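Naming follows writing order (A, B and C), and every chain is counted from residue 1.
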Amino acid sequence: MNAQRSEKLTFALLLAATIIVVLPVLVIIGIVIKNGVGAITWEFISTAPRDGMRAGGILPAIVGTFCLMIGAMLFAVPLGVFSAIYLNEYAGDNLLTRLIRLAIINLAGVPSVVYGLFGLGVFVMFFKFGTSILAGAMTLSIMNLPVIITASREALSNVPQSFREVSLSLGATRWQTIRHVVLPNALPGILTGIILEVGRAGGETAPILFTVAAFSLPFLPHSVFDQCMALPTHLYAISTQVPNIGLDVRYATAMVLLAVVLIVNFFSIMLRMRLRRRRQW
Amino acid sequence: MVAPNTGDSTPAKVATRDLSVWYDDEQALKSISLDIRHNELLGIIGPANSGKTTFLRTLNRLIDRTPGIRVSGQVRLDGRDIFQDIPVEELRTRVGMVFALPVPLPMSVFDNVAYGPRRHGIGNRKALAELVEESLWAASLWDEVKDRLDEPAMNLSGGQQQRLCIARALAVQAEVILLDEPCSGLDPVSTSMVEDALVGLKENHTIVLVTNVIAQAARISDRTAFFLMGELIEVDGADKLFTLPADERTAGYIEGRYG
Amino acid sequence: MRTTTTPLQRIWEFFVEKLIFLSGFTAIIFVVLLFLFLLKEGLAVFKTVSPQEFIAGKSWYPISKPPQFGILPLILGSLAVTIGAAAIAVPFGVASAVYIAEVAPPRLKEYLKVGIELIAAIPSVVIGFIGMVALAPIVANVFDLPTGLTALSASLMLALMAMPTTVSIAEDAISGVPREYKEAALALGATHWQAIYRVILRAAAPGILAAVMLGIGRVIGETMAVMMITGNSAQIPHTLLQPVRTLTATIAAEMGETMRGSPHYTALFAIGIVLFLITFIVNFTADLFLRRAEARR
């Protein structure tokens, strides 16, 4: 009886701890919406900033963030998915693949600001892209690689071996088997990982701080070699570098950024849930 | 070790000579020399882990996929060495495989049968439709699925799925069909339908049927081979092997001593 | 159907497979490139300061004349924030991992997992912003400080940011303990909690340890939130109620103002090397634990 009562108490404590872990997120989202929603107008999301960013809107930052998200994926998706195909479909378990695995784990752990340094050294300086959308997108894509590789690899390895054997036993080549049996069935899982990283690319600040970001640039970018504004760097700038900006404008910027990132994440979660329910094998 | 089984004068469709297979250090097949004749239905029986599945997977080189595998000896298809003279894709097209549990690909019935031909470059819709119908016919499945071609293959019953797998192999014009305990998951009615389909196919195909049901081998095979611990103990006409086996281990297995 | 593939197909396939092989190495290539570039740009700092002065020097005055590049205050700043965050994240993280893996009913479990993922989704600049405008005033109030931008405020927010990593990996480790262990304990008359405490947690220990380490790795590498909440004062901290400055924030805050190739610029890359090495060691060790956990199953 005593043991049971203390067990109940323990479980209640565990539940309390869990709530303390999860609750702050909801509080944060709540605070941002409550304080930001008032400043969100059509003008705010459809025009460029004026008066040293104290008035006007944040359209260039929104456009810049979308450019970076798309640009990062253009590099990261083919590289990441092909890399996962290599690891799961071609390579065996040997010293080389263990090294690759270690490299992936290590890449995943590198601080985002170190990616920023790398992007500055390699893309901005060495390849002379300058501070530009191209340099930032490539920096972000390398940061996105480990998750895309890992998620894709997992999705590939969830496709039953028997499907591969059927395809091969009908005389299909290895690539045909991957292309027509493995990839179609791994696609939802791969997409889940990709979408998750789209959100991350949109929300990261440190990697683009010295590779793309313009402090204030009230135009839309014209080419990949242009600098651009982005939502996270904009929020950082108006929060720390520009005095006398209305708190509601800052909250509204945070809210737009949060909305972009959370909507993207929502798609990823939905896709995964559907996938789990629909799996037929 | 093995009584010569090459007494028949017609050249073998598939012939193995001293075929041995190792998984890392463990020998799974020990020097198998066996001729599989044109258009016969060869049954292979034996207890679990006797090398039956390894033998089948070697014949169309699916075994290449297994890490740590080593093969020695020869396998010839129509006199050509399958490891050296025949590209592996061609080999697998000509030597089809049907697995123990039916594996319909997650697509429609039609697409399942058309999968192989499409990979081999047949894109013409009419030609594909004809090929699919022919193959399903030959696998004795056409009447049951002709109105359900667009349904997911997963919706078919187990027995239908297994015949679909046979049709799929037929659609790439397989000459030899390997079946690895194809009825192990099926009820008696479905089993007999698969068996009927196999007997019908014998006319134009060479069939190798691994089975753990001795009675099934006795029912439909022309000759039966008995494998034990990676060795081919004996191979003979079904009528003889099941009534008067030459080796006492065969007799023991048939009487149920090895389980 | 003998001659099945056309030459064109074969050439296409050849190139695709070559591309796949090449892509397989991208991870290695980028890790090596990353490290080499950091070395190339960063090692030059030792023309200005000796390694000892750099690591153990107590003053970081990069723009004074002559500049001083001692990163000890920054290391200690990172350490203070990390210890503070870990002190919160480890108990709460492991407790919620246990709850989610073992106690929560399936429906609630799904919701909680989504909630944990949401934390990971929130951009760190938003966390930093909230910490700055919402949390710091509260901290200043409670402890009666001139500013709430302190190591403590940063630790609180960073603890939150460590959660997704810590909870999800620890939860995997706990869920991965074979059912038989638990059933055996229950069959011997243990209560559910006793089974968790004495059997499951013990079996999952390497995985939980890895979860904690990876969470800490996340905290050490975090940049924007700490830059906005710590107060950014490069002094050796004595309590958590002081403003501090971390390694990461220093790079992010100062890189914009440096001249390429200047001692200051190289010093920031040298800090990048230090960060790279720290996270490499943390992740490598965590991976060793994870693999041990896997091998145990």
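Here is the rule we go by: a residue touches a chain if its C-beta (ideal position, glycine included) is under 8 Å from a C-beta of that chain, and two chains touch if they have at least 3 such contacts.
Remember, it's a predicted structure, so these values are computed and weren't measured experimentally.
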>> As a test of understanding: of all chains, whose mean C-alpha position lies farthest from that of chain A?
In response: B
>> Need the central chain here, defined by C-alpha centroid distance to the all-chain C-alpha centroid.
In response: A
> Would you say A-C or A-B is joined by more C-beta pairs in contact?
Replying inline: A-C
> Whole-Å distance, chain B centre to chain C centre, using C-alpha means?
Replying inline: 54
>> With centres defined as the mean C-alpha position, give me the chain A-chain B separation in Å.
In response: 49
> How big is the gap, in whole Å, between where the Cα atoms of chain A centre and where those of chain C centre?
Replying inline: 16
> Among the residues of chain C, which ones contact at least 2 other chains?
Replying inline: 1, 4-5
>> Two or more other chains touching the same residue: where does that happen in chain A?
In response: 171, 173, 176
>> Two or more other chains touching the same residue: where does that happen in chain B?
In response: 89-90, 93, 119-120, 172
> In the complex formed with chain A, which residues of chain C make contact?
Replying inline: 1, 4-5, 13, 16-17, 19-28, 30-31, 33-34, 37-38, 40-41, 91-93, 95-96, 98-100, 103-104, 112, 114-119, 121-130, 132-134, 160, 163, 167, 191-194, 214, 217, 220-224, 228, 248, 251-252, 255-256, 260, 268-269, 272, 275-276, 279-280, 282-284, 287
>> Show me the residue ranges of chain A that touch chain C in the complex, using the header's touch definition.
In response: 3-4, 6-7, 10-11, 13-15, 17-18, 20-22, 24-26, 28-29, 31-32, 78-79, 82-83, 85-87, 89-91, 99-100, 102-118, 120-122, 125-126, 142, 145-146, 149, 171, 173-176, 199, 202-206, 209-210, 232-233, 235-236, 239-240, 247, 250, 254, 257-258, 261-262, 265, 269
> In their shared complex, at which residues does chain A touch chain B?
Replying inline: 92-93, 160, 162-163, 165-173, 176, 180-181, 185, 280-281
> Which bits of chain B are touching chain A when the two form their complex?
Replying inline: 60, 62, 65, 67, 89-93, 96-97, 99, 101, 103, 105-106, 115-116, 118-120, 152, 154, 165, 168-169, 172
